[in-house]
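You will see chain A twice below: alongside chain B first, and alongside chain C after that.
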Partner chain A sequence: MSTKWLKIIFLSILLITLTSSISGCAYKGVDKRSFVVGIGVDPPKDPGNKFRVTLKIAKPIASLKSSTENEYAYLVHESESIAQTIRFLETQDDKVMDFSQTKILALSEDVLHGDLFSLMDYFVRRGDLQLVLYVLVAKPNAEDVLRVQPPLESAGENALYNYFDRTGIESPFVTTTFLFEFRRDYDTKGQSSVLPIVEANEEGDKFTVNHSIVLKNSVEPVTLTPTDTKLYNSLMREAAGYGYTIDNEGYKFTLSMDRVKMKLKIHVKDGEKPRAIVSIKAVGVISESNKLLKLKELDYYSKLSGEQFSEQVKDLFIHLQEKNVDPFGFGLKYRATRLNTKDTLDNWKEIYPELEFDVKVDMQLKSVGAME
Partner chain B sequence: MSRFLYYLIFTSMMAIITTPVPRILLGQSADGAIGSMLIGTAAGILFTYITVKFFIQFPGRDLIELLQAYTSSWVRIPVTIYFALIWFVAGVITLVMTVFLLITFLTPEMSIYTITLSILVTVFFGVLLKSKSVLFTLEIVFILMIPIGVIMFLKLYSSSELDWDQVSLSIMYINQMPKYLSLVATFFTFLGCSNLIIFNRYFKEKQKVSTLSLVAIGAFGVLMLVTSYFIPIGLSGFDQIDQFIFPWTSSADAVRMKFGIVERVVFIFMFLFVTIAFVSIIIHWHVSYKLILSVYRLKSLQVKQQNFTPFLVVLVFSIIGLWLTVQLTQYELYQYTKYYYYTIPIFVAVFFFTMLAIKRGASQ
Partner chain C sequence: MTESKKPEMPPFMKSISETLPSSFDVLHVPLTLDDAQVHLLYMKTVVDGLSLQQSIIKPFYELDDEQKFGAYIQSLPNRLDPPPPDELLIMLTSGFVLVYADSTYSILEIRKLGNTLQGPTIAETTIHGPQLSLSEDLETNVSIVRQHYHQPNLYVETQQLNDKSNMSIALLYDEKEVNVDVLRRVKEKLDNLDEPLIQSAGELAVRLTSRRFTLFPTSILTERPDRIVYNLTGGKIILLVDNSPYAIVLPVIFFDFMVSMEENYHTYLISLYNTLLGWFGLLNCLLLPSMYVAFTAYSPEVLRTELTLTMAGSRIGVPYPSFMEVIIMLFFVELLTEASVRLPRSINAAATTVGGLILGTAATEASLASNVLIMIIAIVAISTFVIPMNELGFAVRIGRLVLILLTTLFGLVGLISGSLLLIIHLTNQDSFGEPYLRIGWRSKRSEKMVNSE
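Moving on to the complex of A and B:
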């Protein structure tokens, strides 16, 4: 026997032994998995438990053509921890639960008080859950929001996704917060996280997403009105769109913004009150007016709008300052522009309640629309 | 400089993502990591310069040959075995880390044996290739991975979720004293050129180190360090970055492609870095196995013209690799890796001592 043959025999034996070791592959087929599309967390009905968890599971459909509407299965259970509850719910399902497609984490407003560590721990510790899933606050409770079936939802679709993933509606009223973003802002000293509030109506066929809520471990949650939510989204998330109402010197405009940019600077000098200088650049058009508008007076309209816009922004800042939350990250900005010392954080805690806001808006209206 | 040398250096820089280096650096982020990274980079470029300069004097000859020619065997054997051990452990660290990464993020239900074996099968045959073929493999992988790498970098740096305030917050901690561990971890990134101890055999033409090539190496190293350090901070936040076990993967999961092939970019990253990790393991173990063969060849495994010692050596490598992967916990992996990095200055000392000995021998 030549060396070549020996080599071939040796390699084949090796290969066969090794392939036999990987024959018991642990990968399970799609038909043996049930995909969880949403997780909801509510306060328990029985006071002995801590959480009530709802899982929304997609039912397999034969084909998109043959099915007319969406069908989901819901599993609900309550116990002391989220992991325990999910382990229990797994016993109610004949297939392996797959969390890698989960996109919605709905939290009821009542579980948001106090420190959220024990609530959020499971979701970030589990490696196979996406960190780009959408976290939202559900009203009246998470289970109801997950159970909503809007008539416009087609088969194979999940209406809640479309609100947040910016491929469907892109409204300035909708705040999109990913899990990693929520965790980052919640834990960063000098920043608060903002979550959207999704309201389900009583009939269970409609969502409304236009409020948001500011969360920080040390203080009570602060709910933002739709106007404030819109301002926050424009300034922090660079969301654009319709709906900025200006009422100044007899003119009533509705502006549509193309882009809004905000820059922060914090000035702290001895003997002076600390000031935050906020420069905002906004570009947009007028989409509705109560009077005829002249094209040549566009600069004047820009000035009118700018004044009012800066007032609105300032009011929001002061409102948030009073509640001791900081979703715009003034504290982070302060920390990020000074060499770190061990007093930086304590200094900031003293500065923030006294901070004065200096809002400069550079409003640039490009046109009055299709007519004067 | 030959392009293959760049591949060797760049691969070991990219492979740090699948070693504990990012976690070590991020763990000391409030404690002097930036200063250590600056010093480590400078030291790394200096090391690259000296090493390449040394091997240029002996075109087409590897360290084994040089040691045999110019030093006595009581220097040669311990040094060779020490180097073989260092290179083997470097490969094992990447292997264990890659398996842990896959089992946490990709296939939590799969058995650890299956994952490790499926890596080891490929690595087994990769290591047994001729050195020249290893270099060609490296080139092919490198060229295939460039488009994915470019997409990844564009995607990371242009992602709107990246919070630059967090990045600048981390730079504000530059006034801390540099720490030894971060320094050696950074230095480890630049050790790719030391693979020349085996691969110099294939660099036969007379080469020279230009300032430009050093700048290129430095720039790529800094880019990789900056990416592996600041991107996780910008995406996951500065204050709790040290809580992450795999800071890099967890942060890559924060980037998504709205209209891309897959929404979760993390899978593309994993594909890229697991591939790089594969090549990195192959290179490390190849060097190690060549060194071992130069001191030890079993006569009893000689069948006609074929000696089967290489198979035995790599089989032993794989078995130890498998055993360690199954045995080690994550804590132990990080702890032992730290000890390994602590000893890197000893390695550098031995390396330079060997170079000096060869030089003296050659000049006599």
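Moving on to the complex of A and C:
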């Protein structure tokens, strides 16, 4: 009996001492952490260094009602590597830096040249940085983009998150690329990664997200125009929305797509030019037109739109082919559907510049968008 | 009536009367009319005086003959032959009258009934179910059960506890449904009870469990006749205790505690929704405080950014780490709950208002606790009352402290392993041989024995 009680008393004392000494290890109160919500990487101002890193740290919100706008602190430092820089920046903050809520990795356009693996390495390796953070390309530079405070951004909100996590705007102009996706596509042979470009205006109160950039380690980055970005997003990310302009046989439509689906097939036969057969199924409505439209002629309008749409897609493919990038993954498709030998990749490298695109669009317009 | 005038007591009665204490309520009443002489020995406070007057004293003077009166006494339905002196003494203290008539001793039960009034249900209230609970009298309670359950298979076995209270208890079961092993075990337990004093059903229920340090109760205490009948049809054993408005239901499994009688009185979807609410309340009550500790102190990455920042913001200026904060506030709420139980109904509301509203706001104003925590504590406090059975609520209130401790030490991993520990503990338990976490895969229909042929 007495030994049993002694055990219990001993155990409880042990537990109490353990709990009181808890401030040491992993136990770190949420108020003793500072949450990094964005990381920006810029080229250094001092040529001796390699990177200039900006950390955007969110201030805790004491009361959502009384605080009118978000308050952020920015820490900037440059050094030879990202890890070093962040270690240095940690000394400028009295709280533990917590990267678990970081969702934005802004890369300046100027750091995108050459091999990006050394840049990505730290972010992928670090345990508390999540691989589902959004990677974006910042213009004019990452620091400026992180410092933008849109007037519509309310307390407790992060405008940049809203662009990419689809809880806010769902626009076909916005490409969302996660860190894991970026790295995977960058590394995959026969595929190129696409990042959205976020532009900050000079006053620092507005973003524009409608361009994107195609990256592959061996080639120069290719910037896509808003129209191309939109096409890419519709075809690859199944984004839908307004703004597909058709100009054919005197008709000028603006289509609003509900669904767009793309299927790829690659035909390589001896003696013939290699061909990629792209079949696209698009469902949508006409949302604007320069002429009065008749519901009876909907099939005709569909045909007109389909022809024009396939031309637009083909132009984009050829443009990308000329730049030797492949965000649509033709190469990956080729590699995946052929017996894999040591020559597969080299074969593809020969095939791609000569590839002809055969785009078939099955356009299904559902309505002319207005009552007769 | 003075001692000298009193006719001589018969020897056996005299010996009994001498062993009884000289208390004011021990009465020896000799009745004499001409030659006829009858002696009564009883305790005034436990015997129904009116009934005694009606059934014994009055007939004696009307019959006017000792032999006839003796025959009359012999014919009474509540008459017994006198048992050995030890038992006789106990019987006298519980409302029996020792009668000496026509040279024979008889013992008659003319008990003053206890509180036969059925009060409204207090602990398990329902909107649609029966509104009256059990009374505080054993016989009345047995008759209540019988009136709810007209089955010849309903066996009622009575016995007396062999402690100081000598309380009568009744063992009720449906002979067709009952698990014989469990019945044997319960009877053994009852016979082997070694307690100096047992006063209520709750106490008996505790003494019936063999483990002393057990968190989860192995029997249900209920005041609802409909729950008793519901459980009888399910093959359970009901223990009724005299002077207690609660019945003990055994054996129980964990899921029995999550049944509210209200569920039987609603349509399927509504009762399903209610059941889910109950489970949600249970989980809330058990996990929410520890989750707060885990999320604020170990893994804020689980939450959304906005929530994390708000939580961080609401903890600004709170001097203690979050686990201290949680324990302090939980302690407050426990005090409040206890206070509202102890207080009379009329002041009750004031206590909860003062405690709940004012303390809560003041605690955040004084930044002793964060806003988020106050909300969590409020949710937890309300969730406690959603759990259908009170006893489980108590167990959960203690169980969550263990979870908080483990979470404080090991974070989310601690929370998970703590929950695992609880499940293991439950698995390890049994209620009179029934596995505690057994899942009763029986439909409500077959449980209620509808269409049993």
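We take it that the second predicted complex is superposed on the first by the 345 of 372 C-alpha atoms of A that agree within 3 Å, B and C clash if a C-alpha of one lies under 4 Å from a C-alpha of the other, contacts with A are read in each partner's own complex, and residues count from 1 in each chain.
Here, a contact is a pair of C-beta atoms (placed from the backbone, for glycine too) under 8 Å apart; a residue touches a chain by one contact, two chains touch by 3 or more.
Keep in mind that what you see is a predicted model, and the values were worked out from it rather than measured.
Chemist: On the A-aligned overlay, A:Glu238 touches which partner chain: chain B = first, chain C = second, or both, or neither?
Modeler: first
Chemist: Quick check on the superposed pair: does A:Gly29 touch chain B, chain C, both, or neither? Answer first, second, both or neither.
Modeler: Second partner only.
Chemist: Decide which partner touches more residues of chain A, taking chain B and chain C as the two options.
Modeler: Higher number of touched chain A residues: B.
Chemist: Name the contact category of A:Gln130: first (chain B only), second (chain C only), both, or neither.
Modeler: Touch status of A:Gln130: both partners.
Chemist: Once the structures are superposed on A, label A:Gly156 by its partner contacts, choosing first (chain B), second (chain C), both or neither.
Modeler: The answer is second: A:Gly156 touches chain C but not chain B.
Chemist: Determine, under the contact definition given at the top, whether A:Ala58 touches first (chain B), second (chain C), both, or neither.
Modeler: Only chain C is touched by A:Ala58; chain B is not.
Chemist: Have a look at where A:Asp98 lands relative to chain B and chain C in the superposition and call it first, second, both or neither.
Modeler: second
Chemist: Which positions of chain A sit in both the chain B and the chain C interface?
Modeler: In the superposed arrangement, which is not itself an observed complex, chain A uses residues 18, 22, 26-28, 128, 130 for both chain B and chain C.
Chemist: Quick check: in the complex, which residue numbers of chain B touch chain A?
Modeler: Residue list for chain B touching chain A: 30, 104-105, 107-111, 113-114, 117-118, 121, 160-161, 163, 165-166, 168-169, 172-176, 235-240, 250-251, 253-256, 258-259, 263-264, 303-306, 311.
Chemist: If you look only at chain A, which of its residues touch chain B in the complex?
Modeler: Against chain B, the touching part of chain A is residues 3, 6-7, 10, 18, 21-22, 24-28, 96, 127-128, 130-132, 165-167, 178, 180-181, 183-185, 187-189, 238, 329, 332-333, 335-340.
Chemist: Would you mind writing out the residues of chain C in touch with chain A in their complex?
Modeler: Contacts found on chain C: 295-301, 305-306, 308-316, 318, 321-323, 405, 408-409, 411.
Chemist: For chain A, which residues count as touching chain C in their complex?
Modeler: Its residues touching chain C are 15, 18-19, 22-23, 26-31, 33, 35, 37, 58-64, 98, 100-101, 103, 128, 130, 156-158, 161.
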